[in-house]
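Both of the next two complexes hold subunit A, though its partner changes from subunit B to subunit C.
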Partner chain A sequence: MQGTLDQAPSQPIASKQRSSIDWRPYLLVAPQTITFLFALVLPILAIFTISFWNFNGFTSVPGFTLNNYLGIFSSPVYLKTYLNTFKFAFLVWLVCVLISYPVAYYLAFRIKNSKWQTIWFLICTVPFLTSNIIRMISWIPFLGREGLINKALMGLHLTNQPVEMFLFSDFSVVLAMVHLYALFMVAPIFNSMMRIDRALIAAAEDLGASAFEIQKRIILPLAAPGVAIGTIFVVTLVMGEFATMRLMSGGKASSVGYLIKNQIDSLQYPMAAANAVVLLAITLMIVFGILRIVDIRKQI
Partner chain B sequence: MTTDARKKLNGATSATHAATGNIQNALADAAAGVSLRQVTKKYGPVTAVESVTLDIPAGSYCCLLGPSGCGKTTVLRMIAGHEEISSGDVLIGDRRVNDIPAAQRNTSMMFQSYALFPHMTVWQNIEFGLEMKNIPEAERKSRVGEMLELVGLSHLANRKSSQLSGGQQQRIALARALVTRPQVLMLDEPLSALDENLRVQMRTELRRIQKQFGMTFVQVTHHTEEAFSLSDMVVVMSNGRLDQVATPSEMFRTPSSQFVAKFMGDNNIFQGKVRHCVPDPTSGLDLVELEVEGIGSFYSRGQAAPIGSTAACSVRPDLMQIAAVGNTSQPTHRANHITARIVSIEMTGYVTRIVLMEEKTGKDILCKVRTTDWEVESFSEGQVVSLRWSEGNCVFLPY
Partner chain C sequence: MAETKKTPFSAHLLTGFFALFVLFLYGPMIAVFLLSLQGPEGQLTFPMRGFSFHWIGAVFGQQRIGNFVEAFGRSFSLGLIVMVITVVFSVLAGLAFRKNFRGSNLVFYLTISSLIVPSILVSLGVGVVFNLLNLPIQWYSSALAGHLTWTLPFAFLIMLGIFGRFNPAYEEAARDMGASDSTTFWRIVFPLIASSVIGVGLLGFTLSYDEFTRTSLISGETNTLPLEIFGMTTNVTSPALYALGTLTTIFSFLLIGIALFTMQKLEQRQNKQEG
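What follows is the complex of A and B.
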């Protein structure tokens, strides 16, 4: 019955629309569509096209070849670089979660005053007032052979000679990236936690749940969408990283982003494009995998 | 409500009887009384609850009634253990529970928003408390099953709590609170989120379950009708203090203070000065003559107060008789009497509300008359009438 009621009046409207299309909704979405088209869709299509071109040693030649992709999938060097990228993505993600979850929890649940909550959250964003590169470079005098940490350790006689592993190592890469991206994890987890009804915690307490049980059974499952969103941010950012990798590893570690940058520098556009397509595909698969597990729509 | 839903409800009630046998004893045995001894709660310089002493007998339904901010929820939360006690003692049964955490008080709380865990199913919600108490799985299963039957929602066991209607959520919250077999069940405005029809229906159900199991229920509400219809014992609070503790009918008939009389709703309250007090042998109380400025003097019954002190008297809107001016067909000894003009007549259903204005002072007066009785009268708006009520229907309020 609902259907017939709905259809009856819609008939004349439909015929009216056929004669003159209402352009207003299209006009409203036009700026957004055009921006996306030129800034996102066209460049990606271009990259996708170029990834099938040939490279003759000097310049890119339009054509169709799968050699670029075959090269990526058959070379152990590429494989190692990809695995290295995944390794850093995983390590940075793990450390970010371990740091951000307690920070978000503290901000959301332990600070009762909403004014202080805002103030502390703003303090978390202070590092973002400087550029990424400067933030990274500032680690160098801190971690280096003659850096503050080594001076302090030697001054305390905890070690006789400077510890080399602090700088230009996997450690320093992960440290710098965590420093850069932890806030992208804190913010969505904090957001999820702020949406948790405080009465749920009281109810769980009332039913006899310990602090650990409340964390495990109530807060963690309800904050999971925040962790998922944070994971998407951090993983996509780290997957495309090249500057931090280059600077903080002293050129020792490599990532796909860094590889692509090198290929662009040496004008091997088709190869760079093919790597970009593969990297994009892998990252998208991770993102869709996360979205399948956690329903994040409720958080937006 | 649809007939379908009604059928379900009836089904629920019959299913209930099957489930009752097993849990009835367990719950009735558990019931314990609650005692508060000069309980005070301070938030910094602000006193939210001041020296409250109250005894709630085991197996009774007690409603804490009062306007928002009067401290009733704080009292409830202190009993439940969700709020620390600044001074005084809270006893559940014979046990002093001041320093015992909420989880170990053998109380349960039903929250205003129900606080069902949105990521869990109905079954998991109810089972949660049992899991936390490390009850073996087989027993958990049978107890959750019983509870679901009791509230008549067995068919929804696997739904997420967010997929339930308000009334269903309320029942699940009740089941979750009862499954741990608490000695006292605390209810924080449990009906406020429901629409009017459902509220009345759930009220009946709450009362039924409480009676059936002989449990102690302590409920917070700001709804007088709800408190009256549910409880054995009503506690009115204002500004962190107890105003009156009485049975609903006692409170309705004889409110003890101006605050209670006002909070009860439509009572007509006249403020004045005590002029004369004499013992009234028929009631055992005192007959108090109150001089109300600009209107005259009224006779009321209550506890004597010093001559000349400021006080008030209250008369219920259904106990005033409207008569034509000059009609003295029913002269009552010491009847109170005023003349007033009818401002408006509102037929609300069973009851017709007549709003009047006292002729000399302009004070608003409210009368409530059964609609069937009103229809035989021929008064109309704008007419001046005489209002009378006996001293027995007029409650003296010393403060």
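What follows is the complex of A and C.
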């Protein structure tokens, strides 16, 4: 897209004054770094601290107790909520990968004209720049009791009564989340695939490799970092939200995000904080697990 | 795309799959658009009952549906503030990262880590910090902080990509001829990155304008637009909800259109100047 800039690799400018430290880079990164220290690091430290505080039924009392954490690990309700969150994260991830890989492949390899590639990629991107809440609501005309899917099923005499399960079910939650987050999988896979040297594929074809073998031995391994980045995005997004869960399940399903939100609404900050710390720990474990398997540094 | 040799069946299958994906993205949007143009007796599902702009008008009446106009004003202002801060901070950081400096890795990972912290945690944490420090919890203070944790990492990554492909020869030439840092930036560097900066600005604005979770616990007693719409979903069961959806979607499309148009114009101009 950046056709105007020269493609010459940028060479590090040899520093002329070795004797004194150049402070300019530090001044330049200061605003961004201070923002993150204040809006990210400090909040996480605060949550960590409060997760050890007491809750007396009305308000949070500074102190040190492990009861909040013990409560999480000993309560079947909480454990079930965590399992439910993993279940949704896994389902949404799986569907996203199954959809995004062929979509990215189509964009990267089947559309040969780079102008059309940009246009189709933009067409896939635009909906993700519109309101998430509106995009959830927009499933009602399809999934509801009177929705298009039920009408179609009844018209085809596949069912006599409207199927209730489409809206306000696990199905609608997964569907809406895939609809919301698929781009976070498509974009990194597309990015990885665009870096694949086309000569590799031509060579494999010349040597008589089948389409399946080219996928398995060239494209998939080289697109894996993109899948990894997409996975990190999708898993974190699903783990950290509650709106889709609340809206699309009609309040039936629960997730850790939703649980935290409810605990804050009832002012149980220490419990909410403990849940947040556990959620963060789990998310980080997943992310580091992925980073151990796939090296994503070259993708940036 | 039309090749002379026979296209295998699997290729058609893939094209079909891609078409379905695009339909999956846009179908619901089109349904909402159509249903918001029903007559006054309209419902939430098809078939369309009549055709009118009744529900679009209803959005601006305060009796039916929450206070949409004020919420829009807040989201719009917040989006603009987030946009400006995101652009300025990420361009500065991008400039810094063109040289290797001690601690650059730490800054890099601090920024990226913001993407993998679950949103609800940011909301909760920012709220707690503002409470502890006795700072006002408002859409323009705490929600602003929450939004920046989401927009800045994306903008930063994009700026790294842009400066990574940037040819330093132009600036070196300017410096050799005695131009100061700021002259070099405004006369040489900025025109070259201008169209990308607009892209980053658009991303910053829309990410903020549509953000829900990172606003939800920290917008104070007033709602931004996504929070207002979320609140409506529980008590508004008329096509007014869709009308609101249609209006905000059209607004987003307009912004994207303007940004893309400007980016293209800038790139054309740049190409001409380079000859």
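By definition in this document, the second predicted complex is superposed on the first by the 274 of 300 C-alpha atoms of A that agree within 3 Å, B and C clash if a C-alpha of one lies under 4 Å from a C-alpha of the other, contacts with A are read in each partner's own complex, and residues count from 1 in each chain.
By our rule, a contact is a pair of C-beta atoms (placed from the backbone, for glycine too) under 8 Å apart; a residue touches a chain by one contact, two chains touch by 3 or more.
As the structure is a computational prediction, the values presented were derived from the model and not from experiment.
K.L.:
Label the relationship between subunit B and subunit C on subunit A in the superposed model as either fit or clash.
P.N.:
On the shared subunit A, the partners fit.
K.L.:
Any idea whether subunit B or subunit C touches more of subunit A?
P.N.:
Looking at subunit A, the partner in contact with more of its residues is C.
K.L.:
Thinking of the overlay built on chain A, is A:His179 touched by subunit B (first), by subunit C (second), by both, or by neither?
P.N.:
second
K.L.:
Applying the touch criterion given at the start, work out whether A:Ser266 contacts subunit B, subunit C, both or neither, answering first, second, both or neither.
P.N.:
A:Ser266 contacts neither subunit B nor subunit C.
K.L.:
Between subunit B (first) and subunit C (second), which, if any, makes contact with A:Ala209: first, second, both or neither?
P.N.:
Touch status of A:Ala209: first partner only.
K.L.:
When the two structures are overlaid on chain A, which partner does A:Phe36 contact: first (subunit B), second (subunit C), both, or neither?
P.N.:
Once the two structures are laid over each other on A, A:Phe36 reaches subunit C alone.
K.L.:
In the superposed arrangement, does A:Ile218 touch subunit B (first), subunit C (second), both or neither?
P.N.:
first
K.L.:
With the two complexes superposed on chain A, say which partner A:Arg110 touches: subunit B (first), subunit C (second), both, or neither.
P.N.:
A:Arg110: touches subunit C, not subunit B.
K.L.:
Thinking of the overlay built on chain A, is A:Val287 touched by subunit B (first), by subunit C (second), by both, or by neither?
P.N.:
second
K.L.:
Check whether A:Thr159 is in contact with subunit B, with subunit C, with both or with neither, and answer first, second, both or neither.
P.N.:
The answer is neither, since A:Thr159 touches no partner chain.
K.L.:
Measuring by CA atoms in the overlay, how small does the subunit B-subunit C distance get, in Å?
P.N.:
Minimum over all C-alpha pairs of subunit B and subunit C: 8 Å.
K.L.:
Which residues of subunit B touch subunit A in the complex?
P.N.:
Going by the criterion above, the answer is residues 80-82, 101-104, 107-109, 111-113, 115, 117-119, 128-129, 132-133, 176, 180.
K.L.:
Which residues of subunit A touch subunit B in their complex?
P.N.:
That would be residues 197, 199-200, 202-210, 213, 217-218, 221-222 of subunit A.
K.L.:
Looking at the complex, which residues from subunit C come into contact with subunit A?
P.N.:
By the definition above, subunit C touches subunit A via 1, 10-11, 14-15, 17-18, 21-22, 24-29, 31-32, 35, 43-46, 85, 88-90, 92-93, 95-101, 103-104, 107, 110-111, 113-122, 124-129, 132, 145-146, 148-149, 152, 156-157, 160-169, 172, 181, 192, 195-196, 202-203, 206, 209-210, 212-213, 216-217, 225-226, 229-230, 233, 241-242, 244-245, 248-249, 252-253, 256, 260, 267, 270-271, 274.
K.L.:
Which residues of subunit A touch subunit C once you look at their complex with the stated criterion?
P.N.:
2-8, 10-13, 15, 22, 24-29, 31-33, 35-44, 46-47, 50, 99, 102-103, 105-107, 110-113, 116, 122-124, 126-127, 129-135, 137-142, 144, 146-148, 151, 179, 182, 211, 232-233, 236-237, 239-243, 247, 256-257, 260-261, 264, 269, 272-273, 276, 279-280, 283-284, 287, 300
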